[in-house]
Every structure is written in C-alpha cells, then in structure tokens.
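Shared between the two complexes below is subunit A, which pairs with subunit B and subunit C, respectively.
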Partner chain A sequence: MDGTENNLRLFPKKDARLYMSFMYVTFVSLLVGGLMGLLQTFVRSGRFTLPFNINYYTILTVHGVILGLVLTTFFILGFQFALMGKTVGISDKQRNAGWVSFWMMLVGTVMTAVTILVGQANVLYTFYAPLAAHPAFYIGLALVIIGSWVGAFTNFRQLYVWKKAHKGEKSPLLAFMVVINMLMWVIASLGVAIAVVVQFIPWSLGYTETINVLVSRTLFWYFGHPLVYFWLLPAYMAWYAIIPKIIGGKLFSDSLARLAFILLLMFSIPVGFHHQLTEPGIDPTWKFIQVVLTMMVVIPSLMTAFSIFATFEIAGRKKGFSSLFGWFKKLPWGDVRFFAPFVGMVAFIPGGIGGIINASHQMNALVHNTIWITGHFHLTVATTVILTYFGIAYWLVPHLTGRRLTKQLNKLGIIQTIIWTVGMTIMSTAMHIQGLLGGPRRSAYSEYAGGAQVDTWIGYQLAQAIGGTILFIGILLMTYIFIKLTFFAPRGVEEFPIAAEDEDAQVTPKILENWYLWIGITIALIAFAYTIPMIDIIKHSPPGSIPFKWPIGRM
Partner chain B sequence: MHLHKYEKVWLTFGMASLVIFLLIIGFAAFWKGTHPQSHLETIDQNNVEAHDSFKPENLGLTEVADGKYKVNIVASAFNYDFGVDKDEKAVKTIRVPQGSTVLFTITSKDVVHGFQVAGTNVNMMVEPGHISRYEAVMKNKGEFTIVCNEYCGIGHHQMFGKVEVY
Partner chain C sequence: MAKKQKSNTVASPEESSNLKGTFIMVMILGVLMVSAWFGAYWLFISR
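On to the complex of A and B.
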C-alpha cells in the first residue's frame, strides 16, 4: 500500500473515538494542572495567598500528579494507539481492550484527583513514605498504572497479530517504537506497582503496621527515571518518523532509529540511584555504577541529534539549497507542526546538559532538591516533550475529528509556541539561578531565617510568577486551539504524516527485531544494577515506619 | 548496519568525551573521596536518644579538636533540634570560625526530610531509621541558611536553621 495514501485515509469513526477520548483527558488535564502551576508561582511570589484556606501543597500535588502522571500517560496512550491503528491496525477485540484501559485509567485518575482536592493526599506526586495519604489516593494510582498495562499488552498484541499476517516483513518503524516504549513502561512501572500494591495500600488501610521507607523510595525511583523516558520516547517517535515527512524528506535511517530506541530501553531503567545520590543507606559504589549506566543514554541521544539534523539537511538539499547552511533557512518555519517540536529540540540542549549535571555523582550535591531541578524538568518535560506533543496534536486532533488545521489556527499555534518559549525561558532560567543560590524546591513562600542569602534568591520567585503567567496564557491559547480543532474547524482531511523510507535505503538487520535478546539484556542490566544493593538495603533495614498523617494535615 | 562517515566521527567524539568524563568523576569519587553522602548506619527512629550522637546533651555544636567540630541534629516535622543553650533556649544558629572542619550528623524521628546548608556542599536526604553524615570545610565567611529541601508536610517551608561562619 502506498504510504501517502494511507496517511490521508481517516480512521473509522469507532477507532477515532477511542483515540480522541485520550486527547480530551489530556487537554482537560493541561488546563487544570496549568492553573495549579499558575497559582503556585503566585503564592511563591509572596504577594498572594490562596482563597478558601486551600493549602499550597494541595495544589502542588494536583499540579504534579495531573501533569506528570495523568496528562502524559493519557496523551501517550492515545497517540500510540493512533500510531498502532495507522501502521498495524486494530481489531474489534483490541479496541475494546483499549476502552477498558481508558476507563480504568480515568476512574483511577478521578479517584486520585478527588482525594487530593479534599486535602487527604498532600503528599506530592512522589508520595514518599511515611507520609500517609488516604488509601483512595494509592488505589487510584494503582488503577491508572494497571489500566496503562492493559493498553500496553493491547499494543503488543496488535504488533504480534500483524507480524503473523506479514511473515518475514519487518515491523513498521512506529509500531516497533511504540512496543519498545510500552515494554520499558511495563518493566519500569512494575516497581512502583509493587510499592503501591504491596507496601502502600495495606499500610494505609491499616493491614500492616509499618513500611520500609528506603525500599519504597528505591522502588519508586526504579520507576521514576524510566518514567521520564516514557514521556520522551513518543517525542522521539515524532522526531524520527513524523517530522521528516512534514519537512518533505524521508527517514534518515530505519535501523539507526531502531538501535537508538533499543539503547534507550536498555539504559533507562538500571539508573534510579541517580535520584537517590544524597541518601543514606545506599553504598556509594553502587550509586556510581548506576551513574555510569545513566550516562550511557548520551549515546542514543547523540545518535538522535545527528539523525535529526541530517534529515533537515538532506531534505533542504533535495530542494536545491547547496550553500553550507542555506538549507537551514528553508525549513518550514511557518508550519507549526514543525516549528513547535523544533523549539522542543532546541530546549533539549540545555535540558540535556542540566541532566548530565544532575546525575554527576558529586555535582548533584550542589543542586539536589533545589529549585534548579524544577527548572531542569520544566525544560525537558514541560518544553521539549510538551511542545512536541502540541506539535503532534495540531495534526492528530483534526485527523481524528475529520477537520483541518486552518492557516489561521496554524498561525495561532506559532504564536502559542512563541508565548511558551518566552514564558518558559523566564521561569526556567529564574529557577535554575535560584537553585544554584540554594533555594529549595517544593516549598511554599518562606523567608526562612530572613538571612542575606534568602535576599539573593527570593526575587527570582517574582520572575517565576511572571514566566508562569505568560505560560498560563499559552495554556489558554492551546486549549482554545484544541477546542477549535475538535469542534469548529472546517471539515476535511488532515494528513497523518508518517515518513517513508528512501527507495535505496539499506536493509534493516533482522537482529534489531530480536525481542528476546533486547528484553534479555535489559533484564540482565537491571539485575546487575539492583540485586546486590537491594539485598543490602533489605538486610540492613531499620525498624519500619508507622503512617504519619498529621504532617500533611490529615486528622 | 550502515553508519555515515560523519556519524562515526560524531559518535566516536561523543563516546570518547563520555569516557573521559566518567573517568574524571570516578577518579574524584574513589581516589579523592568525594562520594555524595552515603552513610550506611541505621538507628531505631522511635528511640533516637539511645544513640550517643543524639542524646539531648550531645545535640548541637561540639568542638572535638582544634578547628574540628561536630554538629548533631535531630530532624522532625517541622524542626531541626540543635539542642539548647545555657538559658535552656532552643539553638537555631550554629557558629563556627572560618576554615573549620564540621561533621554534620543527622537523623529523623518521623518522616523524610532534607538538610542543606545553602551555598555549601552540605546537602543530604534525612530518613527515618538512617543516619546521614557529611563533613565539610567551611571556607567562606558569612551566614548560611539551612533549609529542609525535601517535602515533609504542610509546614515544610518553616523548617530551617542557620550556620554562621565568622
């Protein structure tokens, strides 16, 4: 089948409805979570107090859970279901499983959100023990995770069925990428699922008296770092396989893209200790080993950077621009489907550098738990990832609703991207600087002892409120664009832009699809990085901790 | 699998930088002893006073040798206990002369806390059942704010102290 023709064929209504449902939750989350972010920056400016006795840490928890866990997971599942539908198809049974996944996640989300909003879960999105939230918070989270697994296994099944019908053919690149991302997600979220189901739920219900704090934290961070790659890989899917089509080019290299994804799978999980570098109870040698494994991610990142810019150059030169950088000027800057993700790529340069600093064993002590970290992930997830998601939504939403991204909406999208860039530059830079001066993250407004040091950083919180306000305007604009694309844009066919391979492309080696091999290596690396330190942690455990409710304001 | 010539150059350069980078931080960690705080000692968080360092009379600042000090602290929501002064008032400020070596030892009686002396390398997670310990040379004069930098509950931002280097 001709690729371009398939790109222009709309999904059957019943398929589109499933994919769109995930998008609705995504954009409602964006608005709710974004509003919480705005309020946080206001409180931290020191010139505003929350009405109705709402606690700062309640809105902080909502912000983290709704944007970090809900928005991302819903967008990713919806986008990936659409990719699978487009490349390998979906059967009636698989679609039903997709709905089961959606509803489980939605019920879990509502349960968790309500528990937070009534003030029974001021534990932030990391819910570190022994702070004890209401059991409904943990049960809701478990439902979100298990629901996402239903989605993951449906995706595995989709590719499996396709492979059986296409013996000897290589899997479509995007389907391969979705399966890698979901494999990583299932292997990683096992950690947090064990923590929630085995440790937190019985403990919060009173069936067990105490909890092993360090074990729960280690299980959380076993999950916590692959979580950020789970957000990032769908953006990489767009960079590798969708952007080339938008700029009028071809895939740079099918096998290189697959290899990068395999490396990301292997080196995303055995690395959680780099979030626990300043913790007691973990041997520093094992911390260092995981630091080394963390840094391996540099390799697929460099491969990705090379491919993307090579694609840009090749596409530009094919259009006849021969000077050294002439091709760069001729990229489709006026096309928001390209422009928004491109800004995301640029933000990943300082974002990546910051990440290397954070994970650098000793250097981490300078920035650990300062607001520098918050500045860092607002560059990576809240700029690189989210702008790429927006870049996807500009064509995915109209493709699903049978409408068109009009010139006017495209222009609004460009304006949205610029607003986002300005707001985030102000907010994230202010956070980075304040963090280097020692300002802590996750804290309501406080002048502490009122020392000279606090004077050096407190002003940056005003800058963050200004940046946050600009960002919220960006969120309102994005919501408007989403509503237009969903309900009001003129009817038509928006392309689902999947790039094709060059006719004379090299054959992709079969070994890249040897799942047993890559999953085997992934598990072996995890076993190497975690077995001995985990045994140490359990063997040298202090007495367990009882639930603490009063510090989070629970009676 | 085919790799473009430039890509090989790019990846070789990248990986070589990575190796050098890891060798440097590895050298600093294992030969120069600059590991992050990773104290392995455990304690019963329900009875921290049983440990010598956290007996009420041993809290706060003690000079152990010329220019060498130790500071013992018990963290709890939302307070750092540095012991009491002569008038039985809670100590909030630790005063040490410039250039002194200070060993901070801290544990938590309840939930997870942070302990950062802003502007220095002293930055530790504090967890119930574990003892955190970090030694630093206070090279610069001035006032350094101690902040709890791990969320410990709704009074988290009111948990602080001060180190004064004179």
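On to the complex of A and C.
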C-alpha cells in the first residue's frame, strides 16, 4: 500500500481544530517575535532608540522566549499531533488531553509574555540567575513545560494503543519519530522544570534567600542542548519521511531513519557542558567527556545528510537521469513544499559546521559570548528549522482547513523563501564575522568607550539591520500566506505527503523498537555524564546569590 | 549497438541504485567540515 488514499483523507473537523489551534499560536508568535528581532537590529545599528522608554532587554527577552520557546513548542506539538493522528489515530479521550495540553501551554505563554512585556522579566530566554524576574515569568514557563508533557504522554498513549491493536507490526515511522522526540523532551525538560520549580520560583517569591547559580545554569543547559534537537527532529521527520513523497520518491531506509533518531535521543542530552565550557566550577575532565559525547551527534547528522542525498539521487535516477548529477536538475524546484525545506537543508551545512567549532572545548574561547553564536543559531533554528516548518505549513495548514495551496500562493512561498535566504545570509554572515572580531552578543548598542576593535563592529551591525529588515518583510509575507491558507484559499484537498517504503525494502530489525534498551542507554549515559560533576558542583559551591533586579532584571 | 539512454526513460534497477553522486556530495561535506574546523583552529592558535 502506498498510503496515497490515507494521505488525501482529511481529518475529522474536531481533530483538525486541535491541530490548527497550535498553528494559530505559532504564526502569531512569528509576527510578534519577528518584530522584536527587527527592533533589536535597529537598536544595535546605533541609529535608532526605542520609543516610550522601552528597555532593549525587554524586546530581547520577548524575541528569545516567543520564538525560541513558544513558536517552536506550539508548532512541534501541533505538527506531531497531526502526524500521530494521521499514522496511529486519536481517540476522544486523547483529543481532550490534547486540548488540556494546548490550554495549559497557552495560559503559561500569556502569563510569561505579559510579565516580560510589562518589564518584569528582562532576563533573556536563558533567565540566568542571579538576574531575577517576577515569579509569574517562571510560573508561566513551568505551565508551558507541564502542558507540553501532557501532549507528550498523550502521544505515548496513542502509539501504545495502536501497538496493542497491531500486535507484531512495526510502528509507523513518523509515530516512532514523534515518540523519540517527546521522550527526549520529557527527559530533558525535567532539568529545567527542577530548576524553575525548586530553585527559581521559591527564590523569586522570597521563600528562599539565595540561589545556587551554577546548579541552575547546569540544569538549564542539561535542558538547553536537547532543546535544539527538539526543534530539529520535527524538521528531520519531514526530511526523512515527507520530502521523499514530495519529490516523487520513496523512503530511503526505514532502519537508517530509526537508528538516526535513536542515536539523537542518546547523544542529545548528556552534552550540556559544551554550553558551559568557560564556566568556572566544572571539572575540565567532565567538560572534555561531554565534548566527546557532543561529537557523537555528528554521526546521526551525517547519516541524515547521506540519506537525503541518496533519496534525491535515487528518485532522480528512477526518472531516467544517468549522469553524475543529472538527478539534481530533476528536483521539483518550483514546489515550495520542497524548496523551502531544501534551503533549510543547505543552511544546515554551515550551521552544523559552526556547531562543531563551538563545541570544540578550548576553541570555544574563540567564539564564546560573541555574536558568532547568535549567527550560528540563526542558521540552525532560524533557517534550517523554520524554513522546514514553513515548508510543512504550506501543505499542513490547507490540509487542516480543507483548502488548497494554489499556484499563486506556491509562488509567493518561493518568493518568501528567497527573501528569507537573502536576509539571513546578510544577517548571519555579518554576525559570524563580527563575532570572530570579538563583537559581543546579548548586549544593547554601546561604543564601549571607543577603541580600534570596537570600530570594526559597526559596519557589521548595520548589515545585521539590513538583513533583519529583509527578514521581517519575509515574516510579513509568511503571515499573509498563512492567513490566505487558513481563511481564503479555494476549498479542496491538499495532500498530507507521507512517503511509502520501497516494495523490496529490507525488513526493519525489531531491536530498533526495543524502548527499554534505548531509554536505558540514554539514562545510563546521562547518569555517567552528570552524576559525578553534579555532586562536585553541589559540594564545592560558593555561597548562593540573592536576587538581582538590577541592572536589567526588573524595572 | 545499444543506444545511449535518453532522459525520461525508466532506468534499470542497477542504475536507480547508483549512489555515486551521493558519495561525492558527502565527501564534499566532509572536506567543508574539516577545512572550516582547521580555519577556526588556525585563528585560535594565531591569537
């Protein structure tokens, strides 16, 4: 069965409504967060000051929280719920749990966003202690996380129920991938949940006087690195199992895809120290061990690259192209469902390479806390991930609303992708170069009392403002496309493109679905990488810190 | 004599599983990774 019939069958309205709700929040977040990003680049150009006494760190925090945490989490949950609904189905009870997840996350988001907007949480999205925000900021964040856990356990239940009804069958690839991603998310977000609930909330409420800064930062990065994989894995889901269908091909290898996801589960979490390589108070040996574990992620990333190239080549050759790269020409360049994710894939080449440099222990000193890092994650999350999400939205939104991606909207999508590429190339390249010249990240505009090195930065900051403006035009266009696809595009059926396996594909080994084994190894690796250094950190901590509302925490 | 295969005709299974292009692409990727890393390493050492 190639699944075409199922791909064309629309969801029942009550299911589609749940999945679409997540999409609404996603695109509102895009607009709000994107506007903040534009303002930041303007401020840093040195030619613009924010009106009404708005604090730079307020807009910086909104940008990071709304795009990094809210947009991504809502899109991921909505997309993954749709994938589960399509592959293993959803019951009434599970749908209700989905709504509980949505509303908890939304209430948490609104609480957090309002607290930031009124200037009570200028703590950036990393909310490093001892900067202190209003308790509502942390409580809102906790709600978002707990809401997402409700979604995760619903997804686990969906696959469990399906497996019980299909004894001996392997789970659908996309459902397997969703469960891996949510497992990783639950295991990882436990760290930040402990930091928020045990450390930050009592401390910000005044119940405890001091906070152990290093423990809070370590718990944050225990979560912070898998967070980036939580963003990336849904993009990988599309690359492995959706894009092959769009280009008229088949799944390259079900086993390879599953193995890559398992490796990503195992090696995404015990690696947080590579964000803390300049942190005093962590034994360098353990930093080194986590650096080695970080480099292990290169393996599933390269497996993914190989698999994608192979999918393209096989699809092209099946169409009869025999020259070395002839198959490349045959890719559907005019189809935005392919084109946008493809640009995302290309951006992941410099993005991934930059990541290896960042995580290379001593070499991290070259880029640490410079705007190179900002340039790096604008390539990974703000290009690779977001363009793939857009690529998904072009078919998912009309599939959910019972409309069609028209030729005109497809063309607008292509233009949107080009605008994004141009804007991001200018902005991210300028950030990378300025970072290598020592330009700091996170800070508002400053001339740092002058100096030859500082003088080299301003040109790049102007370039970032130009790139940021182009990107914001891209955001406006994307918002327009979303509104059209949701409310105005002609009625019809847009395909939910899930690729089928080749008829003569090899059987997927059963061991790949041995959850006890993979979760066991994951937990063992985490225990290995964190137990001793964590005991060390707690035992040798300096005295904790009182909350600092100044200079930027709270107005 | 067998004619050279034209575009848009269905390829044989051997041809469709030819992954020479993929091999070259992943090698290029590897070269890019290594050269960028050594570029950053050179900068690190020279400072």
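What we mean here is this: the second predicted complex is superposed on the first by the 550 of 555 C-alpha atoms of A that agree within 3 Å, B and C clash if a C-alpha of one lies under 4 Å from a C-alpha of the other, contacts with A are read in each partner's own complex, and residues count from 1 in each chain.
Just so it is clear, a residue touches a chain if its C-beta (ideal position, glycine included) is under 8 Å from a C-beta of that chain, and two chains touch if they have at least 3 such contacts.
This one's a predicted model, so the numbers in the text were calculated from it and none came from an experiment.
Trainee: Name the contact category of A:H361: first (subunit B only), second (subunit C only), both, or neither.
Mentor: A:H361 sits against subunit B, while subunit C stays out of touch.
Trainee: Counting residues of subunit A in contact, which comes out ahead: subunit B or subunit C?
Mentor: B
Trainee: Looking at the overlay, what does A:I349 touch: subunit B (first), subunit C (second), both, or neither?
Mentor: After superposition on chain A, A:I349 lies in contact with subunit C alone.
Trainee: Of the partners subunit B and subunit C, which touch A:F325 in the superposed model: first, second, both, neither?
Mentor: Second partner only, subunit C.
Trainee: Applying the touch criterion given at the start, work out whether A:G402 contacts subunit B, subunit C, both or neither, answering first, second, both or neither.
Mentor: So A:G402 meets neither subunit B nor subunit C here.
Trainee: Does subunit B (first) or subunit C (second) touch A:P202, or do both, or does neither?
Mentor: In the superposed model, A:P202 contacts neither subunit B nor subunit C.
Trainee: For A:F288 in the superposed arrangement: first (subunit B), second (subunit C), both or neither?
Mentor: Touch partner of A:F288: subunit B, not subunit C.
Trainee: In the superposed arrangement, which partner chain does A:G248 touch: subunit B (first), subunit C (second), both, or neither?
Mentor: Touch partners of A:G248: none, neither subunit B nor subunit C.
Trainee: With the two structures laid over each other on chain A, which partner does A:P542 touch: subunit B (first), subunit C (second), both, or neither?
Mentor: first
Trainee: Regarding the shared-chain residue A:R317, is it in contact with subunit B (first), subunit C (second), both, or neither?
Mentor: The second partner, subunit C, only.
Trainee: Quick check on my understanding: which residues of subunit A belong to both its subunit B contact set and its subunit C contact set?
Mentor: The answer is residues 302, 306, 310, 360, 362-363, 365-366 of subunit A.
Trainee: Going by the contact rule at the top, pick out the subunit B residues touching subunit A in the complex.
Mentor: 1-4, 6-7, 10-11, 14-15, 18, 21-22, 25-26, 28-30, 34-46, 77-78, 92-93, 110-112, 114, 116, 118-119, 121-133, 142-145, 147-158, 160-162
Trainee: In their shared complex, at which residues does subunit A touch subunit B?
Mentor: Residues in contact with subunit B: 55-57, 122, 124, 126, 128-131, 213-214, 217, 253, 255-256, 259, 276-284, 287-288, 291-292, 295, 298-299, 302-303, 306, 310, 360-366, 368-370, 437-446, 448-449, 451-454, 506, 508-509, 540-543, 545, 548, 550-553.
Trainee: Using the touch rule from the top, collect the residues of subunit A that touch subunit C in their complex.
Mentor: 302, 305-306, 309-310, 312-314, 317-322, 324-328, 349-350, 352-354, 356-357, 360, 362-363, 365-367, 436
Trainee: Considering only the defined contacts, which subunit C positions touch subunit A in the complex?
Mentor: For this pair, the touching residues of subunit C are 5-11, 15-22, 24-26, 29, 32-33, 36-37, 40-41, 43-44, 47.
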